[in-house]
Structures are given as C-alpha cells and as structure tokens.
Amino acid sequence: MSAELVLSSVIFFGLAVIIPVIMLLTAVFGPRSGGVAKNDAYESGIKHVVGMADQKFSVKFYLLAILFLIFDIEAVFMYPWAVSLRELGMFGFLEMVVFILLLLTGLIYILKKGVLNWR
Amino acid sequence: MFENTLSIMIFLPIVAGLALMVLPVGREAARAAGLVVAVLVVILGLKVFINFTGAGGLEFVEKTSWFAYVGVNYSLGVDGISLLVLLAGACLFPMVYLLLKTKSKGFYANLLLTQGAMIGAIAAADMVLFYIFWEVMLLPIFFMIGLFGGPNRLPATLKITLYTIAGSLLMLAAIVYVGVSYHAQAGVWSFDIAELSKLSLTGPAATAAFIFFMVAFAIKIPLFPFHTWLPDAYTEAPTAATFVLSAIMAKIGVYGVIRFVLPIFAEDFTRYALILCYSGVIGMMYCGIAAIGQKDFKRMLAFSSASHMGIIAVGVFCMNLQALTGTLYQIVAHATSTGVLFLLLGIIEERMETRTISDLGGIAYKAPIFAVFFAVAMLASVGLPGTSGFIGEFLIILGAVKFNMMVGVLAGTTLIIGVCYMLWMFQRVFFEKSNTRTEGFKDLSAIETLTILPIVVLIIVMGIYPQPFLARITPAAAEHLAAVSTVQQQLADTTVPVMEQTTQKN
Amino acid sequence: MLDFIIILPLLVVGAGAIALMLLASMENLSEGSTALVSIGIFAFAFAVQLMVSVSGNVAPYETAFSGMLTASTFTKVAGLIILACGLFSCMIAQTYFTQNKFSSPEFYSLMMFAASGMLLLTMAAELITLFISLEIMSLAIYVLVGYDRSRIKRSEAVLKYLMLGAFAGAFFTMGAALIYGGAGSTRFALISKYLATNSFLESPVLVAGTLLVIVAFLFKVAAFPFHAWVVDVYDGAPLPVTGFMATGVKTAIFAVFANFIVLDNGMKGVWVDYLFYVAVFTMFAGNLIAIGQNNLKRMLAASGIVHSGYLIIALVAVGTENFTGGVIIFYLAAYAAATLGVFTALAYLGGTDERRDSFDDFKGLAKVRPYTAAAITIFMLSMAGIPPTAGFMGKFYIITDAIRADQMLLAVLGIVSSILSMWYYLRLVIMMYFKEPEESFEVSGVSLAPVGTMILAVSVFAIGFYPVFL
Amino acid sequence: MIANYLSLSVILFCFGLLGVISRRNVFTVFMSIELMLNAANLAFVALSRLHENMDGHVLALMVMAVAAAEAALALAVVILLHKHKGNLDTNVFSLLRG
Amino acid sequence: MSALDILLVILRIAFGAFVPLSFVAVLVWMERRGAGYFQDRSGPNRCNVLGFRAGGLIQNIADAVKLIFKEDIVPGHIKHKLYFILAPTLVFITAILSFAMVPFADTLVLNGKEYIMQAIPADLGILWFLAVVGFGVYGIILAGWSSHNKYGVLGGLRAAAQVISYEIPMGLALVSLLTIYSTVNLSEMARFQGQLLFGFIPMWGVFLQPLGVIIFIVAAFAETNRTPFDLAEGESEIVAGFHVEYSSMKFALFFMGEYVAMFVSSALIVTLYFGSYQIPWFSTETLVNHSKPVVFLLMLAMPVAAYFFNIWMKKNNRSQYERPNDPRVFEAQVYAAVIWSIVIFIEIIFLGFLIFSSGAGGARILVALLQIACFLFKTFLMCFVYIWVRWTLPRFRYDQLQRLGWQRLLPLALLNIFITSAVVVSLA
C-alpha cells in the first residue's frame, strides 16, 4: 500500500464523514420550540395512530431478502469468472452455463411458486 | 449326505422353527412337527456317534470360507470332546415334545431354534461361528422364559439375558484377541479352533482375555459367584426351558472351557486352576446347602443341578486325564439325569399345578413307573454306583484328589450333601401320605414311558458299561491335555524358585 | 469423461431433485406419485452406483476432477448405503404422510438434494469440495427437519440443529483456513504430500486446523462433548427425516472423516489418542442418555450417539497404509439397515402426528402385529450386536480392528457399552412381547413401509452373511 | 504480516465463539456465527496471498455463499419461531430438553 | 511524497468530494427547470439577488438557507435517537464514498510518474461501488425503522426491498460487462473504451452491451429510488416514506444524498457504458501529441459557442409579457458580459499556452482538463436523462416494480451473460 493511497483514503473518508456531521450541527444552533403535535408520530393529520409501527408486516419482504441474499451471492460468484473468462475459455463457459441454468431453474421455481406475487 | 450331516442337524431345526413362526400352524401340528424334526436330529446324532472313529482330530468336517477379510470360516466338525455333548444335545429333545403338551406354537418354534443353535455351538469348529451360535442360542430362551414363564418371569428373563449377554460379549473381545494374536504370530487370519488351539498366549492381555472367557463360561455353567441368575431363571422358566438350560446349555459352558480356555490359555489356566477349583467347590457347597432349604421343588432341583455343575467344573480345572474324561462323561450323565428330572417335574407341574414340595406326597403309590424313573434319574444325579453319574463323578474326584487333596476331599464331601437333600425330597414327594392334589395323579402313559425309557436305560447302561463312551473320549481328552501339561511343567519349574523366595521372606 | 462416470449417481440424484422441484412448482404432481418417482430415482441411482466401476481398494490419493474428488470402493459403498438410505427414507415418507398431513413434493426433492450432498461428501478430497458438500447436505436437512411448520417442536428442533450446525460449520471453516495456511493447499493429496516431508507437530497452525476440523466432524456425528443436540433434534424432526439423518448423514460424515484422518500417519497418531477418549465418552454418554429415555425416537437418537462411538473406535483403528475403510462401511451399512428398519416400522405404527412414540405405546405389539414385532426385534438385536445379525458382524469387525491396532482397552470398553445398551434395546422387545396389548395398532392407507420393513429385516441378515464390502 | 492477519482472524473467531456461547438472543447467536465464518474468510484470503494461489479466495467465496444460505434459513426459522412464541430468547425454546 | 504528489492528492479528493456536492445544486436546479420544461410550468423564477435569478439557481440558495434555519425536530416517540440521526448521515456518506473509485480523466503522467485520476487511487473499481451502494440501504432501513412510524417503516422496507431486488439485475448486467472488459478496475474499463470498433465506432460499452446498458440503467434508477421507482417515498400512499419524520438538515442530508447518488450513478453509467472521459475518436495520446492544434481549435470554437448561447439567452431571458424596462433584459445583458469576460480570460490562457508551452506536462494537464470536462458533460447528460424520466413516466405499482425486476430484468440479464460470454469465448 502506497503512502499516496493511504493519504487519499484517510482524507476522503474524513471528508465523507465530516461533511454530514457539520451539516447536522445546525440541529444544535437551530431554533427550538416544543409542542405536543411535534412529539407525535406523523400520521397525515389523523389524530390517533392507526396501528403500531412495530407491527408485523408482510412476510414477502423477508422472502425477498432471502432471495436477494442467495441471488446476490450467486452474482458474486460470477465476478471472478467474468473477469477471467478469456483465460478459462470454453470450459469456463460451459461451467457457467450449467451454473446459470441452475440459477434459472431456481428462479423458475420461485416464480412458479408465486413467491414474488405481490398483492 | 455324510459330509453335511452336521449342517443338517443344525439347520433342520432352525429352518423348521422359523417356518413354524411364520406359518399359521396350530399348536398340535407345531408339536408334531417339532417332534418329527427332533427325532430326525436324534437319528442323525446317533449316526454321527456310530460313525465316529475316534482317531483323533475333527471328523465330519465341513468348511466354507465366510468372512475372508478376517479368515472366518463356516466350519463344523466333531471330535472326542464335543461328541458326547453333541449327542446329549441331539438326543434329549424328543422327550420335551412328547411329555410337555400344553405349550403354544411359538414355544415349539423357539425350542427348535434353541436346539439348532446349541448343536451349532457344539459342532462349530470356528471360534466366531461358535460365538454366533452361542449367542443365538440365548434368544429363544429369552423368549421362552419371557413369554411362557412363571409369574415373576420378567426380572428372571432380564437377569439371565443381561448376565449371559454381558459374559458373551466379553468373550467376543477375548475371541477377537485370540484371533488377532494368531494373526500376529502366523501372519494370516484364522479363527479355526484347531489352529488357534496351537497358540499359547501369555501376558497381561492374555490374562484379561482368559478372564473374559472364564466369565462368559462361568455365567453359563454357572460357577460361583456368577450363579445368581440361576435360581430365578430356572424357577420361572417353563420346564422345557429349564430343561434346556440345565441339561444342555450349562454343558456347553463346560465344553467351552475345555475347548478354548484349556489349550489357548494354558498358562493362565494352570495358574488360576486352584482358585477356579475352589470356586467350583464353593459353588457346589453353596448350592447344595441352598437346595436343602428350598420349598419349591423346581428351585430345589435348580440348586441341585447347579451344585452338580460345580463338580463338573472342578473336573475341568483339575487338568488331568481322569478328571477331564470324567467331566466329559459326566456332561452326558448329568444332562440325561437332570433332563429327566426336570421333565418329570414338568409333568408334575402340568398335572397338579403346584411345585411346592409340601403340597406333594405319595406319588409313588399313585404312579409307580413315574416314581421309578424319577428315582433312577435322581440316583444318577447324586452319583450312585451303577448309574452313569457314578462313573463321571468318581473319575472327577479321582482326578481332583490327584490334583489337590483338599479339593478332592471337599468335592467328595459335598456330594454327600446332595444325597441328603435328594433323598429327603424323594421321601417327601413320593412316599408320605398322598393328599387331595396328588390323589388324582395318573401314571405315565405308554408313550411317555416309552419316551423316557431309553434315557433311563442309557443312564443305567452308562453306569454299568461305560467303555464305548470312554473309548471315544479318552484319546481326545489326552491329546487335549498334552498342551496343558507341558505348560504346567514349565510353570512348575519357574514358580518353584518364586515360592522359595516368598518363603524366605516370611 | 471418466471423472463424470464417477459422479454419475450424484448427477442422477441431483438432476432428479431439480426435476422434481420443477415438477412440484408446476403443481401437476400428486403426493403419492412423487414418492414413487423419488423412490424410482433413488433406485436408479443405486443401480448406477453399483455399475460404476471403481478400482479396488484405493488409497485416498487416487483422485478425480484434478484432485477434487476421490473414488474408491470405500466411497462407492458409502454412496450405495446413502442411496439405499434415501430410498428407504422415501418409503418411510410415503407411509408417514398417509398419517401426517404436511407434505409436498419438495420434501422428496430436498431429500434428494441432501443425498447428493452426502454423495459428494463421501468423495470429497479437498477442503472446498468438502465444505460445499457438507453444507449442501446440511442445508437440505435443516429444511427437512423444520418441514412441519405447524408444530413448534419441529421449529425448535430445526433452530437447535441449525444453530449448532452452523456453529460446527464455522469451526470447520476456520479449521480449513488454518490447514490451508499450514499446508498451502486445500487438496488432501497435496496436504498429505506436505505432511510427508514436514512434521505435523511442528506446525501449530496445522495442529489447530485439524483440531477444529475434527471438532466439526464430531459435532456432526454427535460425538461426546458435542452430542447433546442430537436427542432433541431427532425427536423434533419428522420421522422420515430422522431416519435419513441418523443413517445418511452419519454415513457421509464418517466416510469423509475416514478419508480425512488417513491423510497422514503423524496427524492420525496425534489425534488418535484423543479420539480414544472421545470414543469412550461418546459410547458411555450415549448409553446414559439412552437408558433414561422413554421416547422411542429419543432412545434411537441416543443409541445413535453410542454407534457413533463405535464408529470412532473404528476410526481410531484404521490404518493409514492400505486404507480400505471396510470395517467402517460395514458397520455403517449394518447400522443403517437396522435404524431405517425401526423407522420404517414406526412410520406405519406411529399413527397420526406420531402419536405412538414411547416405549409404553408399543405394549403387546407382538400379539397384534407379530411380523412387525419380529422385524423390530431383529433390528433391535442388530443394533445391540447380537449374532447372527449384521450389527454383530459390524461390531465384530470393529473389535477386531481395534485389537489389531493394540487398542484392547478400547475394544473392551466398547463391549461394556454394548452390554449397557442391551438394556434399552431389550426394553422395547420386552414391551412388545411380554406385555398385553392395549390397542389394535390399526394402520390406514396403502403404504410401502411394511414392505420396506421386511426388506430391511432380511437385509439385516443378508449384510451380516454376505460381507461383500470387505 | 501474515501473523497479524491470522491473529486478527483468531481473535474475531474467539469473539464469535464467545457470542454463540454467552448470548441469548437468536439473532445475536447467528450474527456471532457469521462473525466466526468471516474470521475464517479473513484467514483464507490472507493465506491465499501468502501461498500465492487462489484456493483461499475460492473457499472464501464459497463460505460467503454458504453463510448467505444459512442466514436465509436462519431468518426463516426465526420468523417461524417468532410466530409461535413471540420472543427470540433462546431460553424460551424449551420444549425439547436433551 | 513530493509536493506535487500531495497537491494532486488534494486536487483529486477535492474533485471527488466536492464535484458531487456542487452537482447537487446543479441537479436540483436542473430538476426544477426540467420539470418546468417538460410539464410546461414556469419553474423557479422568483428568487433573486438584486434581480439576478441566475436561471433559477438562486432558488437553491434560498432552499439551503431555509433548511439550515428550520427547527430540527426529533419527535418524542423516537426511541433510538442515535440511529435516527445516524440514518441520514449514513445515506449521505455512502453516496459520497461511492464516487471514490470513479476515474474522471485518463492517468495523468507528470514527471514520469503516473497519477490515477480517481479520488482514491485504488483498483477496487466496480466492486467498491457495489459494496458501498449496498451499504446505503442500511441508511434507508435505519431511517424507516428508527422513525418508529408506520409510513416510515413501510417506506424503509419498500426501499430496501426495491434496492436489493434491483441490485441483482444490476450485478448481473455488470457480469456481462466484465466478461468484455476482463477487469473490475474502472480506469482500465475507461481505457478499454478508448479503442475503436471496426475502426470507426468508439468501443463504448453501450455498443458492446446494448441489452446490458438498458438493464443497468433501469436498475440504477431503481437503486437511486428515483421515479418511476420512488415507491419508498410514494407520497400519495405513505406520505414521504422513510423520511417522514425528518426535518431540517437531516432531511436535507437525505435530499442531498439522493442527488449525490444520482450523480454518482450517472457517472458510473457513463464510465461503464458511455466511454467514461473518452472523447470519441480522440485518444489521450492523440490529444497530447497534437495539443497545439487542439488548443487552436478550442480558441476558435469558444467565442462561436458563446455567441450562439448569448443569442439564445437574449431570446428567452425576458418576461412573458410586455413590460417597460424589462429587468430581465438587463439581467441577460449582464450575463452576456460575464460570459464574454470568461471566454476572453480562457482565450488568454490558451494563447499563453500556445506561446509558452514547452514540455508535454502542460499538454497532459490540458488533456486531463478536457477529459474532465467531457466526463462532466456526459454525466450531466445522463443526469438529464434521470430528470427527463422522472417528469415523463408515472410511478410504478409495487407489484409491477417487483415483476419487472425479477421476472424481466433478471432473466434478461442472465440471457445477456450467456450471449456475451458465448461471443467472448468464441472470439478469444
């Protein structure tokens, strides 16, 4: 690791962190006026909150998260393959064809099972 | 036909037993089938006995490679040592089918299985094969006692099963050890008994193996202090099972000691022989004394049987020709006499539904033939001259005296206890006044008489004219002892200085 | 191309799994036919595996796929056992689902996925392959364990299994990392080559790595310090899965464990001393747990621990030269036959929602269903190691090996544990035979499991009498 | 240099181990397991650099994939359990006791 | 490190950090002007300083001032104040950081030393972008969750679900791109795109990956939560989504974060598919070797462009109705003066260059500046596409969004990988 790289990384990270923090400082200097309504959850003017924020929500979101996790990891497998495809040649190509076919099979299964049917 | 005789003797009952289990057959048909098979086995057994040449070594050999990986063979054979045991195992069974009639199909099936396995264990010429049959033999007994036994059968079943399986599993380790040792010495795998007998193992591991063997056999015999399962099991078991246990199973234990322990662990055997002798003698005394106090007829007979097994064991541990020959002889004698006793007891139990001695009385008046048969068997059991028991026990005591005066004297004395309680019992059961129970006791029917008669005759013949039997077993016994005596010699040479040292210290 | 022939059964099972999964999504496959199809696939794969010719007794260095996989008679037979386990588990499942309603075709598909993982695991000759196959198997099994989502018991079982399985997986990964660090390669052949020239004990990284890997294996086979989960998980899992887990997973893990431990003599020498204690404690801990159980499945689980103990004895005794693994594989076959036998019987006796699951529930079975009782007895005897069953021969070989490897004490302790185990095996037999029946054990529906039970009962003897594996 | 990587990896691994053993919350336990896996990954990648071959990288990728799959499954199980119990403390799950 | 090194580090970082920030202003302005243009509205036309509206840019300043001086409310029902504050910060930081690996000019060679023109001169390239952008989801989820508001939670979830759904097609589209470029390093990719296809088409990603570019752009839209994928804020359903409880600068951070993300993803699209900083048909070497004619041409072109711009401005920059002494006309005159003075200033510099330029150093710096300009111009155009789309297309329904991602883009991306790799392998 060159010193240049370290230096630029440190400065850039520092900037990236400091800029928003400085901007947040306005919270300290800004005006302050309390109020009952300000302390309530915003509900488009509905007086009493309908339902809780920590209620259960559709399991579809979890399913989606799981699917993402799996497919994304599969995509991660492809990066090294893609970069070195020229060296791998035909064999590498065939391997990935198998891999993609398997991935597609999984996708078809998911779709057929209606996992992604949002209603 | 000849080359497969032993296999047929083993598998005919087993196959018949399995068939009985599976097929929907009635009780009587099952009994008949069992009887037919048993008779066939008797015929084959007699054929073996007659065709046995006594030339030394195994005869009727069958050998097929089985588990080549560790050199286990399916090999069978008979020699002088196993011949009589085999005969006893083969010939005593028809009686059961003829005399005890009230059992169910499963019972007969189990009985057949037991017989097959027992013959297998006796005829096996391969250690692993022996072990397999040895274990298999127990299973039908387990079911017989558990399914058809007395009111307290469950603990008794568990006791005998756990005891014997514990023993035999330890024996397995010992067997494997022997096999491995053979492999180490000879470079090839074999569990052939004849081959393994050539081994002479020493060292701590060998001693452990020796102990395992002895524990297994001592449990089967049963030898003091491994006899605690015996009274319960004998008492709770159905008579046929008791008969099998006492007449044959216990003998296989003795046979095992002679067959395996004696040659292979000659050194350890010699070293611990005295202790084992005393163990036998103590067992004799303990069981004899215990027998006196019993109120239950069967329990008494059980202790009596155990007591006499003690002397047979002593015969083995004395390690001389007389004692060994006597033991082998006594195996048959005891098998026949005890077998007959238990079977007759079974008849009493079946007909009068009691076993308490005090409930019985005056049977001799009602059933003279029964009483005579019982008397002969009883006398043979206690070793009265003129019966088979006498020859065997005489030879054993002779050998015992030769081995160690003390043991001989104790063994001889203990026999007298046997005479005491047996005669006392006989008097109480057969003579005194008859009561309501025994009033209706019918004598043996013709078939039953004919069934027991050959055995009773055998008892007497063996008592008067033992030559054909002795001629067949003596050479084998002598040959068998050869290994031990050399070791004994060596051991004597080495131990004397040791003893001197210890005395000096003292 | 030769390489592909070796994994042909794997491909069959894997393709079958995928095809079944797709068919399942099309929703035009009935429950019953799925079971039959999966049985067919397993049978076909079994036949293929039988026909795959593998050269003799091969040291673990003969490799395929440039060192990724190894193929020997040992792996071949392990594969056969696994496929047979799959086949019978499908039979169990078919029957089980006539009385328990939570199945779907994916169940069988997952079964096949697990089986393909196991097949790969037996052949793994490289840490990467090993890890992947381990996880293919484990993940499928996790799902199967929790397949019945309506019952919280199952969910808790799968949580427990997943937590500990992932934990073990983490151990394995770290171990693999350290081995890789020490030996510079993930291939068994190269690691072995490295160890041949360098002393094992001089590399602390390698020692630690192998330790972690072995710990992971012990976790998976429920050996002593890591055995506690198995009872709960087996109890919580649906019956067919329990059967499959108990047999297939054990077979696969022990196969790869054996392949791993024979890498190097020096390494084996170091670990054998500890495996000795592991074996002993595993056997006795398993026995102690089993004796206290009233539930049949829990008892079988605990007895599985004991059998793991025996198998570790066999591992202790394997020689690195001329390794055949025959003893291990034979014992596994015997154990699988007996265990699956009991489970097939339980599949149709268990009743709705596995109603009958304790010893007491089987009172007097022999009076009502004598053949089943006889079969269960045979299985119990085989597990207990009573001749002439396969279980006995397995134990016999293990003891022989142990004594040959100068482990007399281990052999004796094994036997002592065998004696202890008699207690709970016989207890069931006693319940079945010596007690009066309280119910009629009626079984509804057409099912394959009785057939399976009988086949297995016969095979318990057949394996014992014809030890073709050795 | 490699020693530093390895030490860090082992320390992370030990943290994960501690977390698995001492924490009650299911999520924390699974996160600890992930931490252990990532510790191994670190070691793999560092050692891969050391040995100058790609095996370690490949394994690290595989580990990631497997960790993802395991996490997916864990999430499913946790949701299931939460549905049943409404709580994620491992002590609550006590139907099965070894 | 020499002083030059340090100077260049600072310059590059300044570029990397502040160009996105200043582009926020440009983009906001452009958004307003664009909205006005596309929907035939007026746009920002009131705010002014001394009558100068700077084309509406003054509105931005007003906004900023307003946001800074607004009350910063942390509602009382919020339990985790740290997370509440952390969330916008996180969104902003990830947006800024994701630009770190994007090259904005070809490697600058000064005194024989190579300077990679990225904010951080590492070769992580596209992986860095993916990693950091993926991290950005945490900010949104954290915001939604810590708001402890139904709308907030729902918005956060939607945003997360959407972002992760489209990350897959995006990643897969990248895979096919990587098979062509054989590298993950964005600088190398940019260099690759300097070549010519068949001798006359610039070898830009868009020509090599026509399918991939569509997938990637669609996914990038979704990633930045822009319309038509802005369901996370969908004000008609869930008010404002994940930032419903935010106000003042915390809201501003989300706001700016979004625009920075938009800029960065535009920059990335340009880098990946539109030749990065490459000026078509003119490779870096060509430009360096012929720096003087280039400067000369520029000197000619600039007044011409300024002239036409002024005409256009004069025509448009006046009130819509007749007005005596139209102040807007005066405004335009002032702007024209400013523009002309800038042009003259630059012309002088160019003249100086033509006269005094001796070594290649000056030429290289000039080329670099040209490339930066080109890069910014392309990015600007791409940002315009963003705005164009925003004011043209209606918002998707959620199921449509997911169906597009999983059932259309994902298989398409896989197909694309298949075709691309087949071609690559057959050509190799």
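Here the chain labels run A, B, C, D and E in written order, and each chain numbers its own residues starting at 1.
As a convention for this text, contacts are C-beta pairs under 8 Å (C-beta built on N, C-alpha and C of every residue); 3 or more make two chains touch, one makes a residue touch a chain.
Since the structure is predicted, the reported quantities are computational estimates derived from the model, not experimental observations.
**Q** Both subunit B and subunit C are touched by which chains?
**A** none
**Q** What does the chain connectivity look like after leaving out subunit C?
**A** Ignoring subunit C, the remaining chains break into A, D, E | B.
**Q** Going by CA means, which chain is nearest the middle of everything shown?
**A** C
**Q** More C-beta pairs touching across which pair, A-E or A-D?
**A** A-E
**Q** In whole angstrom, how far does the Cα centroid of subunit A sit from the Cα centroid of subunit D?
**A** Averaging C-alpha atoms per chain gives centres 20 Å apart.
**Q** Just the number, please: Cα centre separation of subunit B and subunit E in whole Å.
**A** That gives a centre separation of 100 Å.
**Q** Distance between subunit C and subunit E based on Cα centroids, please, to the nearest Å.
**A** Whole-Å distance between the two chain centres: 58.
**Q** Among all residues of subunit E, which ones touch two or more of the remaining chains?
**A** none
**Q** Residues touching two or more other chains, restricted to subunit B: which are they?
**A** Within subunit B, no residue touches at least two other chains.
**Q** Write out all the pairs of touching chains, ordered by chain label.
**A** All chain pairs meeting the touch criterion are A-C, A-D, A-E, B-C, C-D.
**Q** Can you list the subunit A residues touching subunit D in their complex?
**A** The touching residues are 59, 62, 65-66, 69-70, 72-74, 76-77, 80.
**Q** Touching subunit A in the complex: which residues of subunit C?
**A** That would be residues 18, 21-22, 24-27 of subunit C.
**Q** Using the touch definition from the top, list the residues of subunit C that touch subunit B in their complex.
**A** By the definition above, subunit C touches subunit B via 326, 371, 374, 381, 384-388, 392-393, 395-397, 399-400, 403-404, 408, 411-412, 415, 418-419, 422-423, 426, 430, 433-434, 465, 467, 470.
**Q** Spell out the residues on subunit E that touch subunit A in their complex, using ranges where they run on.
**A** So the residues of subunit E touching subunit A come out as 1, 5-6, 9-10, 12-13, 16-17, 21, 68-73, 75-77, 85, 88-89, 92-93, 96-97, 100, 119-122, 127, 147-154, 157, 160-161, 164-165, 167-168, 171-172, 174-179, 182-184, 239, 244-245, 248-250, 252-253, 398-399, 402-403, 406-407, 410-411, 414, 417-418, 421-422, 424-425, 428.
**Q** List the residues on subunit B that touch subunit C in their complex, please.
**A** My answer: residues 21-22, 66-70, 128, 131-133, 135-136, 139, 143, 146-147, 153-154, 157-158, 161-162, 165-166, 169-170, 172-173, 176-177, 179-180, 183, 205, 208, 212.
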